[in-house]
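We call the chains A, B, C and D, going by the order they appear; numbering starts again at 1 in every chain.
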Amino acid sequence: MINKVVKSIEEAIAGVRSDMIFMVGGFGLSGIPENCIAELSKKDIFSLTCISNNAGVDDFGLGLLLQRKQIKKMISSYVGENAEFERQMLSGELEVDLIPQGSLAERCRAGGSGIPAFFTPAGYGTEVAEGKEVREFNGKPHILESALTADFAFVKACKGDTAGNLIYKGTARNFNPLMAMAGKITVAEVEELVPAGELDPNQIHTPGIFVQRIIQGKKYEKRIEQRTVRKNQ
Amino acid sequence: MALDKNQIAQRIAQELEHNMYVNLGIGIPTLVANYIPESIDIEFQSENGVLGMGPFPFEGEEDPDMINAGKQTITTMPGAVLFDSATSFAMIRGQHVQLTVLGAMEVAENGDIANWKIPGKMVKGMGGAMDLVASAENIIVAMMHTNRAGESKILKKCTLPITGVNCVKKIVTNLAVLEVTANGFKLLERAPRVSVEEIKNATAADLIIEGEISEMQF
Amino acid sequence: MINKVVKSIEEAIAGVRSDMIFMVGGFGLSGIPENCIAELSKKDIFSLTCISNNAGVDDFGLGLLLQRKQIKKMISSYVGENAEFERQMLSGELEVDLIPQGSLAERCRAGGSGIPAFFTPAGYGTEVAEGKEVREFNGKPHILESALTADFAFVKACKGDTAGNLIYKGTARNFNPLMAMAGKITVAEVEELVPAGELDPNQIHTPGIFVQRIIQGKKYEKRIEQRTVRKNQ
Amino acid sequence: MALDKNQIAQRIAQELEHNMYVNLGIGIPTLVANYIPESIDIEFQSENGVLGMGPFPFEGEEDPDMINAGKQTITTMPGAVLFDSATSFAMIRGQHVQLTVLGAMEVAENGDIANWKIPGKMVKGMGGAMDLVASAENIIVAMMHTNRAGESKILKKCTLPITGVNCVKKIVTNLAVLEVTANGFKLLERAPRVSVEEIKNATAADLIIEGEISEMQF
């Protein structure tokens, strides 16, 4: 068994430097690597390119890095619900590359899978297709999308073992397994870390081979963005 | 009388068939789930990674690890399944999800749709919309017939950056049900007590009107 | 919940006709849909194109269909260990398209995912690349491979529920989840069928949306091809 | 004295480093697992969908649902994980598996390898070999120096249909350890009591021989 455990959150993010590309798992605020983001926001690391489906909210998640202007460029699919983000983008301080969500997911998976490019129908005929190769398959136009990789990928899982195997819960899975594949160094933070051998090998979502470092997060706020309920009967 | 948002959703619910897998967008489309007849089985997919979505949770039972693509807390039904975003869009791109209902800012008579960007003003991003409209066999738009300025959202040609080309099959608005045909918009139904004339006046694109146009039935 | 249960193995394979393309999950004899194959071998259906990593052995698995010459063409990665297969292939009775195993897996996944083609380095410079587009990415040559789909996909899982959700066990998973995605009609046979709601939604390998029919197999032989053991101490 | 198959495997085991993910092919490569020093942690991947492969099961404990790519019954180690074939080749193609050890019928001095087909005679298929050799950063070939007819398997150019181009980094045979360099095969080590002359005689390709060639150490 190859041991991936690191002892501190400092060690977990060690090696991240200005100008690097990094990926962050999560959808909205669900399944984001809270502890790694918080730690990054304490460091004097700037000019980062961040690949993440969303950009957090003003005071939580990636919003923390945006507040400190640590991010130069965001590659995302949806960036609403974040006033500081909008301000930086409209003023031109922040570069933003918007990508269809399915293409973003598939491009990360491709990056981790040694597939440099693939064709998808998503975005054909739109701004997204500008400068991209178009080809028809079965009479339907598709565009060529390229793989995404990153110097670091930060992902969050519900459970992990010392070999780096990960299990996610609910819709907090989202982009995490795909980005875990695409990071040169993938850092996984988990709510519960167990010894290798305790997880059922059939039920692991991210095999440990994709994870270089694993750590149990100190605490999780797990903020809810849109609390919607029905009345108790 | 023009429909309200719930009535638009109610009318769209009539389009759903037994054993369909359906993706509902944010806004009016989300409301469609409230009007499914008990006689048919439908499974709702949300592109952030859940199939078999159920109603909102009871107060106190919200789970931050269980949300829909609108980031709202949800529940799951028996038989539900959770998966990653690549698998989710495999379902969408691979046309396993049979019907997509989504909102729009503009729809053009060739079926083009614009709903993700107002240059210089609003850039939230397309989320999963571009994948959805490029893939689904059947795409129904749920929207108000006109924007807040009273201008038609049903156009000969989109003026905003588009989300997808030649994809919308049907539109249900507060005033009418329209079909996108090879020759342009065809008026299928009108809202109760809304006249064909009113619909024509509220529509910037030409309308194909054949015979008597019946009122929507609820 | 959409109910996918069919009542009999006849109903499970209903609609399969001569000249169709079908996929069969499994690696060697592990994880093959034994009951569907056995049922197919009783029907007068011929001239089939079969996509399967392997071709069974003489008297089991796809070997049963080969014995009756029901298969016109095999698309596989490894076809050793089957004398009748070899005879038909060398005599020219059977057409064989050999594909690198990783490309076969990815082409099935692509077929189910609406991705018509992708680039891979596998097979560049070999017979496999003949007639295929070559393109360099990061200085490394890749070839363009296209998606595979099938009229029917037959897969086998350990557990399934009435909604068509599947859970595999051990290395019997292999190609099954990928082919399940790629079948126009996917037929899943399972060792144990349970009511929807009994499986943990977090632990399902194949979401029911990919499965059109599900049936509990009557019996499973689960033959072992290479029984290798160490001595009891 | 030429090595036997187990000794070839034993010599290759010396190439493995702490914390490596390794894929072992069928035949001699499979034997490498028997010679890993206890001091280093290695995980074995098998392309049919398992990482953390263990030894063969005890008699009576064979599980038809637990095999390796050679279709042999196996066990798993603590921390093992099971996955589908697409994920398996994502590990391989994405270079997460760091070392591949496989057999060959021929290796050429530019690193080309042939091991999947003898036209008109033997067509078993390439299995995962083409993906493995096109992807792995480090590829070591384990084979006998000559074939059954006594002909060199180490050639200037492959005569059989190739499996991959410019990919082999090192060869360990019953006679020698060779490195594939930009200028051709370099002789690194010789089997105990096998002379450089014997190796040259058994090799159809040219050999780069610099200084004293030491014997393999076990």
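The definition used in the following text is that a residue touches a chain if its C-beta (ideal position, glycine included) is under 8 Å from a C-beta of that chain, and two chains touch if they have at least 3 such contacts.
If you're wondering where the values come from, they're calculated on a predicted model, not measured in any experiment.
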Subunit D and subunit C - chains in contact with each: A
Most distant chain from subunit C, judged by the mean position of its C-alpha atoms: B
Of A-B and A-D, pair with higher C-beta contact tally: A-B
Distance between the centres, which are taken as Cα means, of subunit C and subunit A, whole angstrom: 32
CA centroid of subunit B to CA centroid of subunit C, Å: 36
For subunit A paired with subunit B, centre-to-centre distance based on mean C-alpha positions, whole Å: 28
Numbers and ranges of subunit A residues touching at least 2 other chains: 106, 109, 113-115, 120-121, 168-170, 173, 202
Where subunit D touches two or more other chains, by residue: 50, 82-83, 86, 89, 92-93, 135
Touch relationships between chains, expressed as pairs: A-B, A-C, A-D, B-C, C-D
Touch list for subunit A against partner subunit B, complex: 27-31, 53, 76-81, 86, 89-90, 96, 98, 100-106, 108-109, 120-128, 158, 168-178, 205, 222-233
List of subunit A residues in touch with subunit C within their complex: 106, 110, 113-121, 135, 137-138, 142, 146, 167-170, 173, 202-203
Residues of subunit D that touch subunit A when the two form their complex: 19, 21, 41-43, 45, 50-52, 76-83, 86-87, 89-97, 135
Of subunit C, residues touching subunit B in the complex: 1-3, 109, 111-115, 161-163, 165, 181, 195-197, 201-202, 204, 207-210
Complex interface listing, subunit B residues touching subunit A: 46-50, 55-74, 82-86, 88-89, 92-93, 112, 117, 120, 123-131, 134-135, 161-165
